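In the two complexes that follow, subunit A is the common piece, with subunit B as its partner first and subunit C second.
Then we have the complex of A and B:
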């Protein structure tokens, strides 16, 4: 699993003031903890800081990269903010996100090309959010076809099928699972990622649903998730599932994780 | 999920003496606890009691049925023991198991017909244990075709794809998952069950692997498992996964389980 650590996001109560006050220690700690816990990317999102988002993004990228080895995920819907993040970032970054909306696609694509970035491709277009498996498959296909035609490697594309709450549509989970399987079957080599926690919105015991949904989706071909890597239980389940899905030669990673006590949760 | 409670099995250290000594209270408690925890069938297996297995089976079926409402799973490779169990059992039982081995098939089939029993169909034949996904699919197809031709409803068949340890073959998990999906796609209405714990044999933190594998398999179409229903975590994950897989209208069962505290594990 490719883990995108989600904790540096100003929509989280304790993070917004830390970013506003340029609290280097707080942000660097949060970045280092996530890297240590196994994050492959550190997401940085300061979207709540209206009018100062670009400036805050520049500071975040610099501040986080001072202390971690893993690349960052530059997370903003605004191509101008993404540009600032990519200009500042050292090495190959992940951009979160592009969509099939005409204007956003046209403004974001050149940034990916210029900075050789990977990209999260959200399955929405000018028709809005996807309603069912078919919408997801159709928009994912369009994004993959367009991005690869525009010079982006398929291995640099992370399709996000957009998780919506099961509490308002009980068929949402199965629709998303079917879409994931169809997309990875049709386009081998593409990655699938998602923000898991939306699935459980409005229901009790949300971590349990998030954990279960991650495993159901991994079984269908999802190979990445945007999540809290400090949640030891979801990380342990991801490690176990990777081993069960033959992504762990000789079960070596699993045995190592068990020895270090990371699976005893 | 159709849960087959596995705890009444004389291969378990505390159960063998209880069965030998005809300890009614111990066995009835173990049965009631499993039913209360959500078991849909109570498995009874006294296979370690050589030469007295039939007699012990008769006692087990009588003793357990005195205190539970759910049907039993008569668990023995020996058709004579199965006959005694079925003769004693009130209502429709589940037989564990038939195979595609010629002699065992011919001896077990008439019992299913005579007692209108459901059956676990293990994917092995006279060639031995299955080696890969193809073996599993081929033997499952033969068993389903033969059993339905011989008058058994497809809804009464629980295919067991035979779980083998991932520790000795790292591709075992993915082979079994692919086999499950192929079988349920080819034969709609058939059930899939398995004894989960074999997958983790020889590895550390076995419950974690068993939990993860159950969810991976549910995502591919497994709708039953032979497990310890007193393990609250695996039961909570099964409840969550059923809801995510659209087997729980309005998420009502999930919300009820959460309110009763069963998901807070």
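Then we have the complex of A and C:
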């Protein structure tokens, strides 16, 4: 599993003041903890700082890269902010995100080309949010076809099928799972990622639903998730599931994780 | 004497059939349509809103309750006396331009309808001119705007400014919400209210209208 650590996001209560006050120690600790816990990317999102998002992004990318080896995930819907993040970033970054909305696609694509970035592709277009499996498959296909035609490697594309709550539509989970399976079957090599927690919105005991959904999605071909890597339980489940899905030669990662105490949760 | 307490309880339980049955019984027993609505149906739904806010009820339960209540309303509404409206005010709702998120906004609409507010839902990707047009046409008490993206939040400000330009701002109250939207932002752009969830949005609107 490719884990995108989600904790550096100003929509989280403690993070916004830390970014506003340029608290280097707080942000660097949060980045290092996530890397240590196994994050493959550190997401940086300062979207709540409207009108100062670009400056904050520049500072975040610089500050985080001082202390971690893994690349960052530059997370903003605003192409201008993405540009600043990519300009600052050393090495190959992941951009979160592009969509099939005409304007956003046209503004974001050149940045991916110019900075050789990987990209999260959200399955929405000018027609709106996806309603069912068919919408997701159709928009994912369009994004993959367009991005690869525009020179982006399929291996650099992370399709996000957009998780919506089962609380308002109980068929949403199965629709998304079916879409994931179809997309990875049709386009081998493409990655699937998502923010898990939306699935449980409005329901009790949310972590349980998030964990169960992650496992189901992994079994259909999801190979990445945007989550809290400090959540030992979900990380242990991801490790175990990867091993069960034959993504772990000689079960080496599983055994190593067990011996170092990471599965004892 | 109609058993409004039981009717309320069945609304809370989301029992579609029982609510329809009890409502029909109340009608047949000669209860006042307005009382059936207020003391039975709406009363049940306002308890649902309260419990939802407190974390004792969850979104699917709220949706079931709203469905049950709606079934009852459909039986009673045709019986209301002429001029006796079941609505307490009008709200124009929409997700702002460039923003295609609708789940939260739909929950807000459902909550408001369940509190006897007339809701004109303009859908998603509503630009300031469309909001203003709808305000002219429907003359709502409240305009509600939703944004789920930090890039589209500023459209709320654009809409408020256009309302001002058109001389309509003082004719209504403006309430805003959506995940990235904060009370500070609301104050900054001159909104009258902000709400963190659908039940609170309904309560705030009722306060604004009062």
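Structure notes:
Methods note: the second predicted complex is superposed on the first by the 265 of 265 C-alpha atoms of A that agree within 3 Å, B and C clash if a C-alpha of one lies under 4 Å from a C-alpha of the other, contacts with A are read in each partner's own complex, and residues count from 1 in each chain.
One rule holds in what follows: a contact is a pair of C-beta atoms (placed from the backbone, for glycine too) under 8 Å apart; a residue touches a chain by one contact, two chains touch by 3 or more.
Please read all numbers here as calculations on a predicted model, not as lab measurements.
Contacts of A:124 after superposition on the shared chain: subunit C is touched, whereas subunit B is not.
In the superposition on chain A, contact is made by A:212 with subunit B only, not with subunit C. Shared-chain residue A:149: touches no atom of subunit B or subunit C. Residue contacts after overlaying the shared chain place A:204 against subunit B and subunit C alike. In the superposed model, A:50 lies in contact with subunit C only, and not with subunit B. Of the two partner chains, both subunit B and subunit C are touched by A:170.
Counting the residues of subunit A that each partner touches, subunit B and subunit C differ, and the larger count belongs to B. In the superposition on chain A, the residues of subunit A contacting both subunit B and subunit C are 167, 170, 203-204.
Within the complex, the subunit C residues that touch subunit A are 58-60, 63, 100-103, 106-107, 124-125, 149-151, 153-154, 179-180, 182, 185.
On subunit B, the positions that touch subunit A within their shared complex are 166-167, 170-171, 173-174, 177, 199, 203-205, 208-209, 211-213, 215-220, 236-237, 240-241, 243-246, 248-251, 254-255, 258-259, 263-264. Residues of subunit A that touch subunit C in their complex: 11, 47-48, 50, 53, 76-78, 124, 128-129, 164-165, 167-168, 170, 201-204.
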